[in-house]
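Okay, so chain A shows up in both of these, paired with chain B first and chain C after.
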Partner chain A sequence: MPDLQITATVNGREVTRAVKPWHRLLDFLREDLGLTGTKEGCGAGECGTCSVFVDGVLIKSCLMPVAKAQGTRIDTVEALGRRQFTAVQKAFKKAGASQCGFCIPGMVMAATAALRDSPRADREEIRERLGGNICRCTGYQKIVDAIELARDVLLGLKPESVFDEETTADGHYTGRNVGRIDAPSKVTGALKYAGDMVMPGMLHAQVLRSPHAHARILSIDTSAAKAMPGVEAVVTCDDVPGVDNYGVFVSDQPVLARGKVRFVGDAVAAVAAVDLVTARRALAAIRVDYEPLPAVFSAEEARRPGAPVVHDYAPNNVTKHIPVRVGDVEKGFAESDLIVERVYETQPVEHAYLEPEAGLAYVDPDDVVTIWSPSQNITHHRHMLARILARPINKVRMIMSPVGGGFGGKEDMIYQGILALLAIETKQPVRLVFTREESMAVSAKRHPSRTRLKMGVTRDGLIRAVEYEMVCDGGAYGLSTEGVMRKAAILGAGPYRVPNLKLDTWGIYTNNTPSGAFRSFGGLQAQFATESHLDVVAEMLGLDPFEIRRINAMRVGTATHTKQELKSASLLEVLEAAAKASGWDTGAPTSRGAVRGDLFGPGNRVPLAPGSRVDLRMPAEAGEVK
Partner chain B sequence: MLTCDDYLTPTTLAAAFDAIERNAGRHRLIAGGTDLLSWAREGRAGDVHVPVLIDVTRIPELCERRVGAERVRFGAATPIARFLDDRALAAAVPSMAFSADWFACGQIREQATVGGNLVNASPAGDAIPPLLAQSAEVELAARVDGEIRLRRLPLSDFLVSSGRTRLGENEILTAIECDALPGRGAAYEKVGHRRSLVISVVCLAVVVELDASRRRFADVRLALGGVGPVARRLHAVEDFLKGGPIDRERLEAAAEMPLDFVQSRSRRAYRREVVRGFVVRGLVNALKRADVADGVVEPELEAVYA
Partner chain C sequence: MARKRGRGMAAGWYGIARTAAVDRAGAWVEIDDGGTVKVVTGVTEIGEGILTVLAQIAAEEIGVRPQDVTLGDNDTARAPEAAHAGATRQTYMVGNTVALAARDARDRLVEAIAEQWQVAPERIVTADGMVSVEGESRSMTMGEAVHLCKTHGVVPLGAASFGTDTTGLDPIDGSGRPWQAYVFGCQVAEVEVDTVTGEVRVLGIWAAHDVGRAINPQGVEGQIEGAVAQALGQALMEDYVQVEGRTTTPGFARYILPTSVDMPMVNVEIVEVPDPIGPLGVKGIGEPAMVATVPAVMNAIYDAVGVRITSLPASPEKILALLGAKDETSRVAPVGV
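And now, the complex of A and B:
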């Protein structure tokens, strides 16, 4: 394989490197030149974390073969604001546009391009011009705010002083626009995430994953992979020195599949090799014999007698059942004027943080296994890992690298154990960076739920009884399911006084991708059911939806369904503020009639081509000289 | 991940054929690379090794652009963005300008090429309906016995089915020629999950020309994509529209005509509804851009569809 000799002017300096012919411009920048401000969020041109200028034109460096960069001028985020931040960088910092920061170098580049190409771009045009860059934290408002701020300063419509921080000299921070202390490192691309880190002699890890949802592993043959030049280690569950059974709430997970695989994507074996390509080719050389087993793909099926069993310790596939009992629901229903029963379902949701999972592990000279990763739970991971590795706790060190978006998705330890095994085996630093596809396939999802809710109310809207059963698909391993079921049980019946309650939440094992922590941790699914149900009941009673909530609201002194006496309760104020802020039109949901008359009328449609750039005038007509 | 042993960047057509002949059967042509690199990933083709990649974007014949009075010629390696910012090209190929506005995102428009979009032959390829509407032909080059030979095919014949074209194994798509239609009203209607970086669920290109009264079509062209294996011109709808006055009844009747072309494997009922709306909306938008006489497009029709 002849290397390509690439010469380009990168950030103002001419560089020449011999590179692999298949390398992308992104690999050239990150691996060959160490310019890690340019990120890889997806590798497929979707996310824009890799945006750079080539000959002044913004492109996605993950889709550009490096050969195309021959003789070009390339500018990366590192070229911006070397001595002083650019207006765009200052504006991102001021507006609070950087949160996890992983999309921010690309966003700063795209914003720079947008204002260079169209200095007067309005909000809609800015949004369209940034359409190739994805952010998962901000909802884009702060980012677009920042670009508008930068535009106004660059046009001289606002003074530079708008970038100044608000003073907190008086020691008060609440209500002030205080700059994030990590914003400078994010708007410059200087911040190193785990996948940006390198160490001398570092190896690259890849993980072989199960193609089956449920199968017995008959044998694993790693000999051919181990024999490949450049392969330093291949590990399986046989290489785990300690107790290979861990989990946040329930210990049900091996570091690498032991005996059987339980979902498509379950880790089976892992390789450390001198480079990524060798590691991937080694994976292809590992032979695994599987005996497929009947699999179960929904919580409903998994609860049926005779369903395939995912874990032997749980023959009925129940990960966790949380019951809550208050009063007597039958009595409550007997006292009700109206009983309404409905079923509510929610789907699995991917966290889709822009930073795919990544980690770097090594064994330090004092024999301390050290792992850098964007773990959201390092202390717990450290304890689990000490047990897995059969080491005292002071010989295991977890270092939390910057988290490029987590939302709960990085709470579970799904690869740090694999990295530790490879580092111990090779005595060399080992880095693993998930692909976007791998991240989506194997990271935990929000629990899909199915809730049957039966509510009894009096004619004037007072809740007398609630029977509530939520069944969640927890997937192949326990992860955070138990905690999610607890939270769902505590919050399930909502912030409402329910004198008679029979509530059950069930986390169920299936052969689907595991479910885990995700913002609100079970509260969302629970409240989707209860709040939707209150709207249904309000409509049936001819009550205003706010009113039915006010009638039943918990107040100071109310005991919650799990017997916590409330010393403060702000629901009534929240409802009032929400009604006011939304311009609520008081009345029952049916008061406008069966069909909303304000839709589809003239003047009511938003144009569907925001930020259109089409201009068919010839240069002379457009008043330009080309 | 896509790997190769060699990545060649010929700068003449002859050098490109030398490379093809030297590596016959072991090569693959690459233009912008935006489809190829994202294809060689898990869940699609997986890891792909192509011994020799031959980059065609530095061959002059594939980069030229000539706007004539009757026909427009542009090289296959023309980036999509040129249909927006090369004013002469945008004016002559207006349906491509409106399509380019919806193509991927600003960055990929700079990288992806028009020829790549045609060769990739996705049922939802955004360059295909506009070029069908502008009666495009493709020019294919091959070297036989040391001599470069060109052949031409209408784009509608070039596209065979999803992902398949009539491009021969050792042929290069060099250029595209299509009708020059400056001053026409054009539109490109597209729906996907969001504004940028989406595959068209339905897309429709429209080009109209009015007669002197500005109340009747002198010419009308429609091409529909995203709803079957290959995008297609809607000749019957065009003929129907040319035969009568422009009014709500006829536009809505025209919108009923192509519904049976929806052959997608998923969301058929939804796509049929979208096609119905898009035909009217595309015509209304194109008519407005063609400076249709006042009152021909009723405000209510515009409010409902456009």
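And now, the complex of A and C:
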């Protein structure tokens, strides 16, 4: 297909470029013009990171074919605040509205559009107008705060000076809201994430992934792919020079599948080519013969005798079991007036950082394999890579590029090894950027869990015994499962004194997408069970939920479930603070909602009627501003 | 009444830094020309605001302003090990390390200035880019102090590492010291449940968390607000579904994430019970802020409509099914209210 000649006015300047006809406006901006402030978070118009103005209208540039940009006027985040920050940018900076920053250029564009279209938008309308932009870090609160601040300054209701940094002259800078030092680079889109970086002679990588959940690899034929013009390298497990077995806690993962694949999306081979299209065509030319194997899709099935074995080293499919034992639970239950048993389950969830995985690797003149990537653990990734590549540690260099959201999902190493192999093979810089679909299918998830919890208490609400068993689906590789099981085990019985405890956590291999590190690392699943259960027990005893927790609270000097004496313990303080702040109306949790006295108080958001859109009255009419 | 309100609460605890393993981090600090400061440590920003926190800590310890601090980081070939960006360890491990390294660098500078001025080093005060003597009018800028230091042949450098006194767990009974700092938190949720559609709206969250010491309160709020949003996703809507190992939620069109429309008002209460061990008294907040939200919301749903969700997420379908089952039960055997 011949190139298209596109002329458009971009950020006030007329530009003409010959572009690939399959390019989207997003590609035109990022690839052809180098305007990388516009990000690609999902490629499907769902996340809003690629928001730009076309002829003054906010659109998602991943949905617009480049041909449609012919003759238009396009404004990107780079057009805002070139000389001086706009009010929206200043407000984002002041309110602390940027965290990882990846969604922020799109947010700034959406916020700018919101205040252009509706200069007096109230808080609820602002929320609605941002509904097409996802942020995974901030909870949106400070973003909405920022837009309200910008609105008030633009309307002249507040002076421009509200954007100024708080000044102090007492030499104290801790305990203060010092503005984020990275905010300017984030509100302008200037910050370069790994997928924004380019180097001369840079190649593009793509990864061939398994269509099977469990299969033996009979053969891989890369000859046709290698022969294609523009293909610089095709690598498989045969190209790994060192020990091809790694992991944070247990070494059970090859860089590229060796002998068999264990989940849908397991990496099998990788290509580096002069451009993305050639790399993708080359993937299609690789021939892999698979022999499908019986697969196992739940922790429960995987624990049964005779279940398919995911890793030969673990014939029972157990990745990790962590026991915690205190006292004698049978004795504790015998001393209890009430024994309650329930089962709690949590689902797998995705980190959904807005920045999909990306990396850029090259071998520098001193023969140091260098990898830029948003890795949350450069230290450990370096150790693992040195072993994989059979190089001394100082010949492997990991550089952490700005992380567009991690939440634990960029802690387990799932693609840096592939990049290193391709860079070594080609002696050229190689960049790999995941699509959202690739990220969803192959990055680790929060461990789904099933917890059986049995608790014995006295009439007064004192916990006498807890029996607790949590079983988690760890998926096809170990990744952080061992650590997650350990943390769940230590924390599972909650910050309460439990004199008799029998607790076990189990991480189990299956042929599902691997589970791994995810913010709160087993603590969330484990305490969901205990904190739900305490309310069930409190209702049966007629106790207020705060009260049952106070009665059993760990204090300074309490031995934890792992028999560690606490030097500092603040549970009573936080219980007090939350009860006070919320104006908690004391009483047992007996679904008394309708009659409780603390509802509808300050600190709530105004609920919208189901199906209603925004209240389009001006804030002044709604009595909110004078 | 189709929409019913209720409240619930939950507490939680969490350990700071690496679990059941000795954690450690290192940093280098140089008080540089012009009274600026270089901090070099091997870990960086993942959005939580650690770079700003480190600049604040170094500024206060050395006596300059945060904008005078330059951070070099994130490169295994150029910076000392600071291990990973996770485990709620950055402020605790790297913050404490940078404080110690900054004190070390400041000691070098102060020693040279004290000698020049012929006063005891303890009497030297450094703040906001100025160096002075306690109770006297003598002063110079930090830039002048660095220059003076260098004419004495001294580059004011510091280095430090910070480690934890922790152990692994016993393989039989799990005993051990997995962390040296623990944090506690408590959240209250107010929800509205639509008994016709099964939809749950969370309207308010009151979140009280012990962070030891808040270096940047706005940053702490941001961590808590973001954690609540992620936890609400898990509580109410997110679900990565696989059928025979193949996902049926392959992108954001099918995998539903919370947007600004779904978020409640989050009311943050920062509780400060200083860590008795580390030099700054700080603890952490990134992960612990997520723990209490999900059960608080489930307990609030129970308070509102009397159904107990034990399997996440609390989707409208599940709420309606449980409400239906409850109606059946109450028809068979009415219970008094």
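The rule is simple: the second predicted complex is superposed on the first by the 586 of 626 C-alpha atoms of A that agree within 3 Å, B and C clash if a C-alpha of one lies under 4 Å from a C-alpha of the other, contacts with A are read in each partner's own complex, and residues count from 1 in each chain.
The rule is short, and it goes like this: a residue touches a chain if its C-beta (ideal position, glycine included) is under 8 Å from a C-beta of that chain, and two chains touch if they have at least 3 such contacts.
Everything numeric here is computed off the predicted structure, so don't read it as measured data.
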{"item": "Partner chain in contact with A:Cys137 - chain B first, chain C second, else both or neither", "value": "second"}
{"item": "Which superposed partner A:Ser568 touches (first chain B, second chain C, both, neither)", "value": "second"}
{"item": "Contacts of A:Lys68 with chain B and chain C, given as first, second, both or neither", "value": "first"}
{"item": "First, second, both or neither for A:Glu46, with chain B first and chain C second", "value": "both"}
{"item": "Touching partner for A:Phe333 - first (chain B), second (chain C), both, neither", "value": "neither"}
{"item": "Partner, of chain C and chain B, that touches more residues belonging to chain A", "value": "C"}
{"item": "Which superposed partner A:Arg280 touches (first chain B, second chain C, both, neither)", "value": "first"}
{"item": "Touched partner set for A:Glu437, first chain B, second chain C, both or neither", "value": "both"}
{"item": "Chain B versus chain C as contact partner of A:Phe249, first or second or both or neither", "value": "neither"}
{"item": "Chain C-contacting residues of chain A that also contact chain B", "value": "44, 46, 127-128, 131-132, 437, 441, 600-601, 603-605, 610"}
{"item": "Residues of chain B defined as touching chain A within the complex", "value": "1-7, 9, 30, 32-34, 37-38, 41-43, 47, 53, 55, 57, 84, 87-88, 90-91, 94, 97-98, 100-102, 104-108, 110-111, 186, 194-197, 289, 299-300, 303-304"}
{"item": "Footprint of chain B on chain A - complex, ascending", "value": "1-2, 4, 20-22, 24, 43-46, 48, 51, 57-60, 62-65, 67-68, 70, 110, 113, 127-129, 131-132, 276-277, 280, 284, 435, 437-438, 441, 600-605, 609-619, 622, 626"}
